[in-house]
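The structure appears right after this line, and notes come after that.
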Amino acid sequence: MVLARVVGTVVSTSKVPQLQGIRFLLLERLDAATMKGTGDQVVAMDSVGAGPGEVVFYVSGSSSRLTPATEGRPSDATITAIVDEVELNGKAVYRKDAL
Amino acid sequence: MVLARVVGTVVSTSKVPQLQGIRFLLLERLDAATMKGTGDQVVAMDSVGAGPGEVVFYVSGSSSRLTPATEGRPSDATITAIVDEVELNGKAVYRKDAL
Amino acid sequence: MVLARVVGTVVSTSKVPQLQGIRFLLLERLDAATMKGTGDQVVAMDSVGAGPGEVVFYVSGSSSRLTPATEGRPSDATITAIVDEVELNGKAVYRKDAL
Amino acid sequence: MVLARVVGTVVSTSKVPQLQGIRFLLLERLDAATMKGTGDQVVAMDSVGAGPGEVVFYVSGSSSRLTPATEGRPSDATITAIVDEVELNGKAVYRKDAL
Amino acid sequence: MVLARVVGTVVSTSKVPQLQGIRFLLLERLDAATMKGTGDQVVAMDSVGAGPGEVVFYVSGSSSRLTPATEGRPSDATITAIVDEVELNGKAVYRKDAL
């Protein structure tokens, strides 16, 4: 899985039927050492109700279909968790409630 | 999924039988911060009737076979949506009707 | 799928049984803007009878097993089409018969 | 599989149900020539009880669901081994008990 | 598949049960133009009895489980062939018996 921040949304009306009702969030990968974005972006299906600015992790590949919201849908990236805390080398480098 | 622009087409007559009747579009990945191409290209199967210059997103991996147009076909990249709007950090950085 | 040129061959006698009878071609990825190689190489199974110097595209991942020649074989890259023409931004940047 | 060091942990309470009870470790890839981190990070499910600072390898893709701890769970990276020794070009470049 | 050289071994005693009895080799990717390593490393399961210094190719993804030695095991990289010869642009750039 990969740490990322929700930086935006993507809206589409012309899409394959299996994408109906799905929220598409734009994510930017994070470097845990700085908790800053790396510039790498991905469009992910949301399965946890993540909101703008939140730190999440997403899963890639066939596992991105293994959530209640994405089963049977053509996803290659699904947010599976909103992150509460990241600890790096024994230090908390991110705490959600400290935002 | 990955944001990309339709920049061209690829035509082939000598191909495996499962590719008959499929349109192959050449895509260039987009950086949402600028909505400009990154230079990275992929050949994708089209499942939504995307046209030249349109902003789309495509799905990779086994999910690229999970659309009505690509089921059972050897795809690793399928366009699943034509993008109407991209919002980044609270601002609309792309609107289809504004083109 | 990815545009590439056939730049060589790879021969092996000590291999797993499922690779018997398969031709392995060495491919170099192409940048469609110049139709020159990017230096990135991959060894692909051939399912279309591609020859040296030809422009092809190959499929990666589990879809590389979805061709008559590669079904059930441990492939992660299979050539599925010999390319006749590539059009980029409205111009033909490659035509097979123009070689 | 990829050599990596356990550099941290990731905690989440808002997550998809299949992630309940899983430990998420933050890994940094290692260059075996120096056994130093490359800066590339991944969040992995732990299936072997790895601890901070340990050298492990993890598996990606659908195989990351093929362990007793991760079966049926949406993982794309699972630690499957704690590494005892790495030999490179005939020399031991890492020994766990030598730490 | 990817050309690589066997540059080392990885030993583990604490691992998931499906890894028992598997040899883990450290590979470095090769650039066929020079037959030198690129610095990119991967830990692969061996299914062909490859030895130190040998040139091989390995398969990634779900196909890495499609060999007699790796069936049902959590692999994402398996050596499936020891390479005898690599021809690039009409010239033999590597011959095993010429070593």
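Per-chain numbering from 1; labels A, B, C, D and E assigned in written order.
What we mean here is this: a contact is a pair of C-beta atoms (placed from the backbone, for glycine too) under 8 Å apart; a residue touches a chain by one contact, two chains touch by 3 or more.
Treat the numbers as computed from the prediction; the structure is a model and nothing was measured.
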| item | value |
| --- | --- |
| Target chain C, source chain A, minimum contact steps | 2 |
| Chain E against chain D, contact positions shared by both copies (same if over half, else different) | different |
| CA centroid of chain A to CA centroid of chain D, Å | 20 |
| Chain A and chain E: spacing of chain centres that average the CA atoms, whole Å | 33 |
| Contacts with two or more other chains, residues of chain E listed in rising order | 60-62, 64 |
| Ring order of chains, beginning at chain B and proceeding to chain C | B, C, E, D, A |
| Chain B residues within the chain C interface of the complex | 7-19, 24, 26, 39, 41-44, 52, 60-62, 64-65, 72-77 |
| Of all residues in chain A, those that touch chain D in their complex | 1-3, 31-33, 47-49, 57, 59-64, 66-69, 78, 80-90, 93 |
